[in-house]
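Note that chain A is present in both complexes that follow, paired respectively with chain B and with chain C.
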Partner chain A sequence: MKTASAGTVESMDCLVTVSEGAPGSGLSIQLSGAATARFAPTMRKAVQEVATAMGASDLSISIQDNGALDLILKARTEAALARYRGGDTA
Partner chain B sequence: MRLRRTMLYLPGNNPNMLLRGHLFNPDGLVLDLEDAVAMREKDAARILVRDVLRQGNFGTCEVTVRINGMDTSYWKEDLEAVVPAGIHGIRVPKVEDPKDMVLLDETLSEIETRAGIPLGKTLVFCLLETAKGIWRAYEIATASKRVTAIIPGGEDLTADLRTNRSAEGTELEGVRKMLVLAARAAGVDALDTVFPRITDDEGLRKEVGFIKQLGFDGKSVIHPNQIPIIHDVFTPTEKEIEKAKRIVAAAKEAAERGLGAVSVDGRMVDRPVVKRAEFTLIRAGLSEEVLS
Partner chain C sequence: MIRNALGRELPESIPGYGVVKPFLGHDKRVPEGNRDGGRIKATFGNQTDKVLPDIKAAIAASGLKSGMTVSFHHHLRNGDYVVNMVIDACAEMGIRDLTLFPTALFGVHKKLIPHIKSGVIRRIMGSVNGPIGQLVSEGGMEEPVVLRSHGGRPRAVTCGDVHIDVAFLAAPRADRYGNLSGVGSKSACGSLGYAFTDAMYADCVVAVTDCLQPYPIGNVSISQLYVDFVVAVESIGDPAGIVSGTTQITRDPLRLLISRYAAQLIEASPYFKNGISFQTGAGGIPLAVTAFMKEAMKRREVKGSFGLGGITGYFVDLLKEGYVERLLDVQSFDLEAVRSIASNPDHVEISADWYANPWNKGCAVNMLDVVILGATELDKDFNANVNTEADGALLHGIGGHQDTAAGAKLTIISQPLLRGRIPCVVDSVYSVTTPGEVVDAVVTEYGVTINPRRQDLIDAAKEAGNFPLLSMEELLAKAKDLVGPMEPVQTEERIVGVIEWRDGTVIDVVRQLKAKA
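Right after this comes the complex of A and B.
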């Protein structure tokens, strides 16, 4: 299965991993990390915004968060999606 | 005139440092896309640095980005990402040809025009990391009006000189003197290379005293703990401040009375001394007392 990721699990960062979803499945977002229970809605919104702006769908996006601000989450999501699209599976 | 006593490098792929670097109160920041970022992370770091810049919370720091060298395939993409995001300047590694400064100037102008940024706003800080770069320092510093500072390399330069870095810094002495001379002739700042031994506070203090005496305006910094030591060395003493205040006050009075000559403590003082006194007050954080 094609996957791509970006980021780290270091403090104030997050690791975003993108993998192929079923056709027509839209976006499936999984969150893990200490703060995700509290911030899940805003984190999902941030990821969705980036995916929509990049025209990405039918993907599974998994976030391992270690206290990343929204702007970091967005930057890591963009990098992971760009890598997924570019075939870079780093 | 902007103080550049300390310019702190922040690894471009590290959110923690990128977001918190300014809290250590350096005069400037260098968000690093070059050596601090692994090859396979160049893409992610570029996006991260761009977004951290857009957020724009850096206190009073002068914000610069070290792009990848102009001999790589990354530098234009780096510029496209970070210049529109809002920066004061670009730090360019391994500059050794004045023609590169002309090309960089043109590329920056194109990006500024497209982004609606005033033409010429983005300054350039040149890292001279080879013997050829040091040799051509004056030509490089005058190749574009954007060039605002030149900085000698450390490790790369000593390797190019076929020597290595010593605690005394003997191998860089001639280079540093040449660099200050070129900077002053070109009217740009001379900023020193990093001090690599991050736990050697005494060694750092000694080196900063030395480079200050040579005429450097500041130093690149790789660890926040180095900042207060460097600021301390560059901050004038009470005695120096008092003398500078008297000189500047006398110059003001002479100007108001239409007199050309300035007398302080019974001695005539010429214009370069007044300029130096003004600079002392700027370094002391008293720029409001400066004449011009």
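Right after this comes the complex of A and C.
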């Protein structure tokens, strides 16, 4: 299965892993980490925004979070999606 | 439902706890009547040896029965073997429904979990952390945990709120007639401060030692007057877990910046003069604050009077170098502190009662000028939470937080604005440990935020003019801007933790976490 990832599990960072979803499955986002207890909707929204802007679909995005702020969450998501598409330059 | 002075909603009575006395204000409740006490006992000249062969013999001799209250002290910290050893023996002897009344529990005590699940331990009055804290937070105990500060605990014992049936005292050194010492042996822990009240007020006192010496030993902390039985075991604890290595000052530039701001606030305050007293504990930031303060004391030729609380090698150096005249030590954190308390008469062992009990004739925190503390979160009213984490789990004890904040003339909470994505300032703390009326300032990497009720401090800080000042509203706005909106913690109605203020009133309760879907 094709996957790509970006980020680390250092404090205040996150590891974003993108993998192939079933055709027509849309976008599925899995969040883990301590901050999800209080920030899950905000985190989901940040990831969704980037994915939508990049036209991503039929993908599974898994976030292993260690306290990343939205800015970092978005940047890591963007990088993982770009890598998934084969261009490692984004 | 009733509301306490902070507006927290509390039931009138809590199953397993009893009638709730609502928090009234930090110095509003005063006692009436006489002190409580343990049983009177006669010991004549034909009884000259208190040694029993093992823990089970001591448990049998103590009269410990199902449903009773057993107490322990935490000077062996994460190296302790005694709590697990005693509860294992109780379980084997068929004793159940115990109330465990430790001064604190550590990670090593996760071995108690099977005894909680099987009903040997019915209730814990004391701090819970790690796996036991998680178990309690998820509703794994029948009765709520009762949290008390280092001063609130001896208050509860001396006034009779809690009666100790049997106190088991880990003793690094003892003689056959029950004189106990915390120094001069392989398991040395220094001060035995937290154990004093238990020794004096329990019906029966069992000392457990791994260094039994001929009568009488020297450096006696707790004397033979209080001890019923002595048991010698192979080992009372792991020395590596009892004392830490030398505590390091933080090297993180962010934390150093915070420490410098805190030290500058102290220097700007009216308390920075000859005779200043302080407590800074063992954390990375507080130690760095002490180092910056030391520089300032040297520069301005200021001599301090005493250092208080948990004592580290860093404080021992301050004593040796003449920056303070005395150390008042309720808990010796590292080897340097243990060595110092054993040999330096100006390094004084004090009990938890002496340290922090609001209901005696004057405790040490009342004489304190400055304390540096932490908190998991603070709110716009400066209320501090040290007990629960951001996810609502009850994972930390109160320690001396309430006592030192209430006693000190300048109470500073210093820490980074964010831990991961979790901000340390919020609109309203999830649970209150210490009310804003006794918190004077919060110091973060953005600068110093002073409680508006301390206009004198705000004026002094402005006059000094060498560190940034920002209001709580500004700090809160910064935090919200960085982290985004926070969802509330999802809980059940059931109360799993009762947080007492140091005077025995209830400042807040902690509810069971909703099971994750």
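General observations
Heads up, the rule we're going with is that the second predicted complex is superposed on the first by the 86 of 90 C-alpha atoms of A that agree within 3 Å, B and C clash if a C-alpha of one lies under 4 Å from a C-alpha of the other, contacts with A are read in each partner's own complex, and residues count from 1 in each chain.
One rule holds in what follows: contacts are C-beta pairs under 8 Å (C-beta built on N, C-alpha and C of every residue); 3 or more make two chains touch, one makes a residue touch a chain.
Small disclaimer: the values here were computed from a predicted structure and weren't measured.
Room for both chain B and chain C is found when the two structures are superposed via chain A, with no clash between them. In the superposed model, A:F39 makes contact with chain C only, not with chain B. Seen from the CA centre of chain A, the centres of chain B and chain C span an angle of about 80°, rounded to a multiple of 10. Applying the stated contact rule after C-alpha superposition, one finds that A:L69 touches each of chain B and chain C. By the touch criterion defined above, A:A79 reaches chain B but does not reach chain C. Of the two partner chains placed around the shared chain by superposition, chain B and chain C are both touched by A:M12.
Chain B and chain C never share a C-alpha pair closer than 5 Å once the two structures are laid over each other.
Of the residues of chain A, those at positions 11-12, 68-69 touch chain B in one of the two structures and chain C in the other. On chain C, the positions that touch chain A within their shared complex are 390-392, 418-422, 482-487, 489. On chain A, the positions that touch chain C within their shared complex are 11-12, 34-35, 37-42, 65-70. Against chain A, in their complex, chain B makes its touches with residues 13-16, 19, 40-41, 43-44, 47-48, 50-52, 54-55. Per the touch definition, chain A reaches chain B in the complex via residues 6-8, 10-13, 68-69, 71-72, 74-76, 78-79, 82-83, 88, 90.
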